[in-house]
Amino acid sequence: MKTPLLASSAPDAPEPLPRCPGGPVIGIIGSGDFSRSLSIRLVASGFRVVVGSRDPSRVPIGLFPDGVELRSQGEAVDGAERVVFAAVYPEHYHTLVGLRERLAGKVLVDVSNAARMNRVERSNAEKLAELFPQSGVVKAFNVVSAWALQGGAHDGSRQVLICSDCSDSKAAVLQLSRRLGFSPVDVGGLCASREVEEAPLHLFPTWGGPVLVTFLLFLFFYGYTFIRRVLLPFIDKGENNFTQLPLVAVNRALPAVALVTLALVYLPGLAAAVLQLGRGTKYQRFPVWLDVWLCRRKQLGLLSFLCAGLHAVYSLCLTLRRAAGYTLLNAAYRQVKAGVENSWVEQQVWRSDLYLSCGILGFGVLALLAVTSLPSVGNALNWREFTFVQSGLGYAALTLSVMHTLFFGWDFAFLPEAYPYFLPPMYLLALVLPCVVLVGRLVLALPCLTVRLTKIRRGWESARHRRPENLDAPGHCGDV
Amino acid sequence: MKTPLLASSAPDAPEPLPRCPGGPVIGIIGSGDFSRSLSIRLVASGFRVVVGSRDPSRVPIGLFPDGVELRSQGEAVDGAERVVFAAVYPEHYHTLVGLRERLAGKVLVDVSNAARMNRVERSNAEKLAELFPQSGVVKAFNVVSAWALQGGAHDGSRQVLICSDCSDSKAAVLQLSRRLGFSPVDVGGLCASREVEEAPLHLFPTWGGPVLVTFLLFLFFYGYTFIRRVLLPFIDKGENNFTQLPLVAVNRALPAVALVTLALVYLPGLAAAVLQLGRGTKYQRFPVWLDVWLCRRKQLGLLSFLCAGLHAVYSLCLTLRRAAGYTLLNAAYRQVKAGVENSWVEQQVWRSDLYLSCGILGFGVLALLAVTSLPSVGNALNWREFTFVQSGLGYAALTLSVMHTLFFGWDFAFLPEAYPYFLPPMYLLALVLPCVVLVGRLVLALPCLTVRLTKIRRGWESARHRRPENLDAPGHCGDV
Amino acid sequence: MKTPLLASSAPDAPEPLPRCPGGPVIGIIGSGDFSRSLSIRLVASGFRVVVGSRDPSRVPIGLFPDGVELRSQGEAVDGAERVVFAAVYPEHYHTLVGLRERLAGKVLVDVSNAARMNRVERSNAEKLAELFPQSGVVKAFNVVSAWALQGGAHDGSRQVLICSDCSDSKAAVLQLSRRLGFSPVDVGGLCASREVEEAPLHLFPTWGGPVLVTFLLFLFFYGYTFIRRVLLPFIDKGENNFTQLPLVAVNRALPAVALVTLALVYLPGLAAAVLQLGRGTKYQRFPVWLDVWLCRRKQLGLLSFLCAGLHAVYSLCLTLRRAAGYTLLNAAYRQVKAGVENSWVEQQVWRSDLYLSCGILGFGVLALLAVTSLPSVGNALNWREFTFVQSGLGYAALTLSVMHTLFFGWDFAFLPEAYPYFLPPMYLLALVLPCVVLVGRLVLALPCLTVRLTKIRRGWESARHRRPENLDAPGHCGDV
C-alpha cells in the first residue's frame, strides 16, 4: 500500500531519502486531525510527507493518504528536507525539547491557535521560538481550517497569514503555501504572531457595534409604536389592538430603523468634512469615535438594507393577512349599506402610488449598493466607480427613502388626530436624522465650501497649519 | 507591422533571438483558437511569442496580435527559450515526433482536455510524456477557456491546475502562469493529469444527488396534494379543483420540500455525532453514504433556500390571482346577504400574523445563510464565524420554519375534517423529519452527551480504543 | 517611540542600515496620503520604511506608523536597499532630478494616475523613465486605493497591474506586491503604462451602451403606453387616467423592456452563427458592432434581470395600492346590486394562474443566471457548466418569459377592443424580437445546420476557404 520512504529507522542516523521525482519531503510532528488534513493537501500537491508520532505503531495508518510515511518524531524531523510542522497542542511543546538538536537549522512551522482572547502575554509561536532558538520558527496556516486544507484547490483561494523573525524560513513557507494553492500574506515578524493566533477567535468583530445600534433603534421605535398605538388606546378607551404586535407594529418599526441607519451611514462623512473644513487641514487625526464610525459604514449600510428588505417583505405580506380580508369585507358591507356606488378618492390613489414607487426605487438602489459590497464585486471596481456607487447611489437611496416617507405621511403631520396623547407620528421622528444629513450634504455642496474642501483633501491649503509639502500625495487618496 | 524575431529560418540551426527588453520568448505549436488566445495573453504580459504551424504561409496572421512571429513548427521550438506549448489536438501528437530532438531539454506544456469521461487508461499528458521522454512535460492551462485567456487580468483570478513529474519544469510553468495573472495550484505528478484533463467535463458533479432528492420530494408532495385535494374530491363528489394545479398545488408542495430538505441538511451531522458517541472515537471512517451526505449539505441547503424563495414569491402572488378577487367578491356578497356587519375572527388574525412573521424571519435567516455560501463571502469568514453562521443560524432557520408550519396548522390537526379519505394534512408529513432533527439536537445538547462528544472531537477519550496520542492535533479541527 | 534606522543624517554619505531581522528597507519619496498608507502596509508586512520629504521636520510624524523613518529625500533614496517609490504628484517629477545619480541602479516605482483620459501623448511613467534613464522604472500600485492599502490582508486580494521595460526591476516589484498580499499581473512593457494609468478613471466603461439601450427602450414603451392608455383616451373621451403614470404605466413598460433586452442577449449569438454558416469559416473577424455586442451580453442580461425584478416588485405592490382596494369595493357593490351570487370565471382563473406561474419560474431561472454572473461564483464554474448555465438556462428563461406574456395576452390579441386608435397592445410589440430569437434558435437546431456549424466551430470544414490546418486548436474554444 505504501512504499517505505525511510529504509531503516535508526533514530539517530538520518539516512538519505530516495530522490524520487515526487517532490521534497515535508515533516509533520503529531498525528491528529490537522496533521492528517495537512498531509492530504501536501500529498495532493506532489510533496512527500513523513509524519512523526510518539508511538507510530498505534496510529491508524489508514487515516493518512498513500505516500505518507509514519515514523517516530525524531525520524520525521530527520527525514524532512527543510520544513517541519509542529502539529501538536501548544501545551505539549515542552515535550519536543528532546528534538532541539535535530531541528537546528530547519524551518519549524507553528500552526496553533490561541485558546482564548487577550489572555497570554506571549504567543505560542514566541514560546516555540524560545524553546528552539536554532530553528527558523514561522507562524502560518493557523487561520486555515482542517476542512479547507482537505477541500483542496477547488474551494477557492484562502489567505494564509505568515510571520517570522527569520526571512529565509518565512520565504520557504510563503512559497510552500503558494504551491498548496493558498494566498500567503507576509504580516511581518513574530511579534505579529499573537494577533495571528487570535484571528480565528474573532466573531464578526466589526459587526458588534452596528448590530447593537440597529437593535436599540428597533427597540425604541417598536416601544414607541407599542405605547402610542396599543398600550395607551387600551388603557384610555379599552381598544384591543394587540393583534398588531407580531406583524403590523414590527412593520412600523422596521422602516424607521432602516431610514435612521441609512442616515447614520452618511452622517460620519459629513462630520469628517466639517471637521476638516473647521481645522483647515486633513493632517490631524479624527477623534477615535469618528474613526471607528467611519470604518463601520459598510456594516450599517448592510443592516439598513436588511431592515428595508424585511420591511418590503412584511408590507407585501400585509394583503395576505386574514385581517386584511376581514377589513375589506367589512368595508364592502358598510359601502353597500351606505349605498355609495364609488368610493374612489383620487388624492389617496396618488399618495399610495407615489409612496410605493419611491419605496420600490429606493429599495432597488439600496440593493445595487448591497451587491457591490460583496467582496468579489467590489474588488472588480476601481476607486472612481466605487465612489460613484457608494456616494452617488447612496445619497440617491437616502433621498428616495425620505420621499417615500414624506409621501406616506402626506398631510397627516398637520392633522390634530395624528397627535394622540401628544405623541407625534413615528415617521416624523424617523425623518429628523435623514433630513439633517440631506440638508448638511446640500450645504457642503455650496461652491465656496466644495472648493475649499477639495483643496484640503488634495493636501494643499493648510491655511495657518504647518504643512508646506503640497506637492506630495497622488490624487487617489481614500475618500471620506 | 511586426519586427521579425527570427532573422533566418534555417530549420536545424537555432539562431539567437535578439535580447530586446520585451521578455522571454515562448513557443506555441499549433495555430488554432487556443494558440491565438494564449498568444494574446502572453504578449499582453510582456512575453514574445513564436507560433509554429505546419504551413505558416497559410495562417491568417491578422488573427494573431502584434509581436507574434509565425514560423514552422521546428523553428518555433528552436526559437522558444524554454517553454513550448503543444496547442494541437491530442489525436495529432504523433505528428510531432519529428521534433523530439529539438524539444529535448525544453518544457513541453500539454493544454488538452479529455474527450469524454472515464474512457482512457492513460491521459493525454502521459502519452505526450511517453513520446517526448527527454522533455519536461507539464499539464497546465486546460481548465482555462480561450475566453478567460483573452479576457486578461481584469476578469478576476482563475485557478490553473498544474502537474508534472519534473519539478523544474513545473516550477517554470507555475511562475509563468502567475505572471499571466492566474492562480496556479500544484496538484502533484503526471499521475494526476487524467483527473485534471477530465475536470472541464464535469457538469455540476456535486449537485446531481441533491437535485434528484429535491425533485423526488417535490413529486411526492405534489402528487399527495393532487390526490388528496383534486383527484379524490373529483371522483367522490365531482368537485372541479383542477385550477389549483398550476399554482396553488405547487405552492403547497414547495414549503414541504423546503422544510424536509432543510432537515436533511442537519440530519447527517446528528448521525455523525451519534456514530462518534457510540463508537467512542472519531478515528474511524464514517460509512461512505454518510461521508457523501456530509459533503452535500451546502447544496441541499441552497436547494432548500430556492424552494423557500419560490414558496415566498408564489404566496405573495396569491392575492394577484383572479381567483382571489372572485373569492373575496363572493364572500362580500354572502356577508351582505347574511347581514353580518363584522366578520372579524380574532383567533384567525393571530394565527395568520404569527405564521407570516415566523415565515418571513425564517426566510430572512435562510437568506443570510445563502449569502455566506457565496465563495467570496465565505472565504472572508474564519472558522468560528463559519460555524456560528452554518450551525447557529441554520438551526434558527429550521426552528422558525417549524414554527411557521405549526402556526399555519394551528388546531387543524385535531379536527376530523382535516383527514378526508383518512389522509392527514400534508404539513404534518413535512414536519416529521424536522421535528426529529430538532429533538435529536436537543438530546445531544444534554450536558452528559455534549461533554463526552467534545472530548471525542478534541481527540482524547478514546475509551476502549487504541488512541494514546491525545496530545496531538490543535483545536481547530473541522466541525461535523 | 521609534528606533532610528539611520544613525547619522549626513545627506551625501549613505551609511549602512543595521541589519536587524525586520526585513529589507523600502524608500518612499513624498509624505502624502499614499506615502502614509503604503508605509502602513509595508511595515505590517515586515518591511522597514524610510520616507523622504523635502522638509522632514515639518511632517507630522504621528501620522506614520512605528518603524518608519522620516528623512530628507536624498537620505531616503540612499537608505532604501533597492526599491524606491515616487509618491509625488507627476507635475513635480522634475523637482526630483537632483536625485538622479543616487537613484541610478535602483528600482523606481511610479504610482501615479492619469489626471484625465486620452489627454497626454506620454504616460507619467514614461516621463519618469526619461528623467531617470539609469533607474529601473516600474509602473505599479496605481490602481490600488490608499484605503485598500491600509485595509491590509483581510480585505481580500486585489489585482495590481505592473509594467516595466526592465525585467529585473519588474520581477522585484512583482515579488514585493505579492508579499503585501496583492495579486500582481504583469502587463508588459512601459508602453502599457498609459492604459494602466487611465484604468482608475474608467466609470463602468462596458455599461454605457447597454444602459442607454435599456433606457431608450423604457422611454419608447412608457411613451407608447402613455399615448395609448392615458393621452388619447383623455383627448378623445376626457377620461382621467393620470393616476396610472407613477406606477401602473411603469409596470407596463418594465416587462416589455425586460423581454426585449433578454432577446437582445441572444440575438448576437444567432447573428454570429448565421455569419459563420454563410462564410463557411470562423477565421474571419466579425464586424465591429457584432464584436462589441457579443461582449455586452452579460450587461444586457443583468439589466434585463433588473427590469424583471422591478416588474415583479411593482406587480406584487399592485394589491397594496389604494386604487386596488377601491376597485374591489366598487366591484362588490356592483355585484351585490346586480344580485350575482358567484362571479367566478373559470377561464380567467386559469389564465391568471398560468401567467403568474410562468412569470415566477422565468424570473427564478433569470435569478440563477444573475447569481452565476457574480465573479466568485462564475470563476468556480468550468466552461461546460458555464455554457450550460448561460445558454441552456438563458433560453429556458426566455421561453418562460414569452409564455408568461402569451398567457397574459391570451385571446386579447384577437379582440377589436384591444386595438383602440388602431394601436396594437404593447405586449404584442414586446413579443416580436423574442419570438424571432426563439424561432431562429429552433432553425439553427436543425440537424443539417447544427452539424455544419459544429464542424466550423471546431476549426475544420473551411469549404472554399484557405484553412488546411485542421489539426490545431484543442476542443475548449470560446463559445459564441
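Labels A, B and C are assigned to the chains in the order they are written; within every chain, residues are numbered from 1.
As a convention for this text, a contact is a pair of C-beta atoms (placed from the backbone, for glycine too) under 8 Å apart; a residue touches a chain by one contact, two chains touch by 3 or more.
These figures come from a predicted structure and were not determined experimentally.
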item: Same or different residue numbers at the chain B/chain C copy interface, by half rule; value: different
item: Inter-copy rotation, chain A to chain B, in degrees (Cα atoms; steps of 5); value: 120
item: Centre-of-Cα separation between chain C and chain B, whole angstrom; value: 23
item: Sequence positions of chain B contacting 2 or more other chains; value: 154, 156-157, 159, 183, 316, 319, 328, 332, 336, 374-376, 379-380
item: Chain A residues touching chain C - in the complex, by the definition given at the top; value: 154, 156-157, 159, 161, 163, 165-167, 170, 174, 183, 185-189, 192, 283-285, 312, 315-316, 318-319, 328, 331-332, 335-336, 340-346, 348-354, 356-357, 360, 363-364, 374-377, 379-380, 382-386, 388, 459, 466-469, 471-479
item: Chain C-facing residues of chain B, complex; value: 21-23, 30-35, 37, 43-46, 53-55, 58-60, 62-63, 87-92, 95, 111-113, 115, 142-143, 145-147, 150, 153-159, 179-181, 183, 199-204, 243, 246-248, 250, 306, 309-310, 313-314, 316-317, 319-323, 325-326, 328-330, 332-333, 336-337, 374-376, 379-380
